[in-house]
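Think of it as A, B and C in the order they're written, each chain with its own count starting at 1.
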């Protein structure tokens, strides 16, 4: 059994932008020569999240719109009383969706559906450079 | 340390049906003879999710009703402009809840609460046959 | 590769209280002398969840308020018809947020952001003593 910790860097526009990272994760897995195991995908920071979705233009708009209904960017949040940085909605959304997912692989390939991509959603109110940990465990 | 990748097939009615898969996962774990480790439960596809809940008739109705408030099936979604398959709400709900959970086991038993079951929720608009990956890692 | 299953006990006030458990997890990791791997943090029970957030007074209020909008404690739930214990909203919120996260560590340290803490949110309607499984896997 091996455990290999890698990082990928992703530039986002923030504002709930959805960015597909599937190919980057798949390329890293290919380099490891592991056949059976899983990949933990974990975003460092408290205003972004990882999930899966069908990465197509419609859902890239639907997902931000749903989060806007759930935690509107125009509402007042107590967080903004603490820091005054105006991104209370971003923190709430990120806590809600969570920082990580685990994707199993077998015979060297991630067991994703054809229309199921791994994405980061960056909820912050500005462009960010994100550090995403990709940790492989397996043999 | 071992890693063992199994699959279970589950037939659902879609429409946010909640299906208990705890016994199927427990039976697979029992076969492996692993004592200490964890199980990653991952649903292949972008319109279903895995979580835990108390599996009882009331919550089986409450959960779909909550998702109906969060992402109504009667709303217009941009996803439907892309594909016209009318399941934009299903994709959004699935991205929100996520594709996987990790459940630890010890002394050969999953460390679930008495009233805590592992479930798939199928958000698609029709009956589906689902492929769920159950991956055990441990010794 | 090692797998080590630990438990921590946390007393909460319920009612969506957010409790920071980062230091407890970090202390357990320090004891294991593992350098590379991950920690699965899993709450036993169906009315509490694990996620990450910036643990500061504002968000500790914002998060309960968001869940109150999503699944109001004053609404009627079918769950309450089953058991009459009045915590239907707690179950729904917990299923929504999920029971577990996986946090990678490297060089003996969890790869969290500076303002990213591991928290339990206890949605139940009363004070509880919670059993949280902390399982380390790595080398």
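Definition applied: contacts are C-beta pairs under 8 Å (C-beta built on N, C-alpha and C of every residue); 3 or more make two chains touch, one makes a residue touch a chain.
None of the values given here were measured: they were computed from a predicted structure.
Enquirer: What angle, rounded to the nearest 5°, describes the rotation that places the Cα atoms of chain B on chain C?
Expert: With C-alpha atoms aligned, the rotation comes to 120 degrees.
Enquirer: Pick same or different for copies chain A and chain C, depending on whether their interface residues overlap by over half.
Expert: Different-residue interface.
Enquirer: With chain centres taken as the means of their Cα atoms, state the distance from chain A to chain C in Å.
Expert: Their C-alpha centroids are separated by 19 Å.
Enquirer: Among all residues of chain B, which ones touch two or more of the remaining chains?
Expert: In chain B, the residues touching two or more other chains are 1, 70, 98, 102, 137.
Enquirer: Once bound in the complex, which stretches of chain A touch chain C?
Expert: Going through chain A, the ones touching chain C are 1, 3, 5, 40, 42, 44-46, 70-71, 77-83, 88, 91-92, 94-96, 98-100, 102, 133, 135, 137.
Enquirer: Under the touch definition given earlier, write down the residues of chain A that touch chain B in their complex.
Expert: The touching residues are 1, 36-38, 51-54, 56-59, 61-63, 65-66, 70, 97-98, 101-104, 106, 111-113, 115-116, 137-139.
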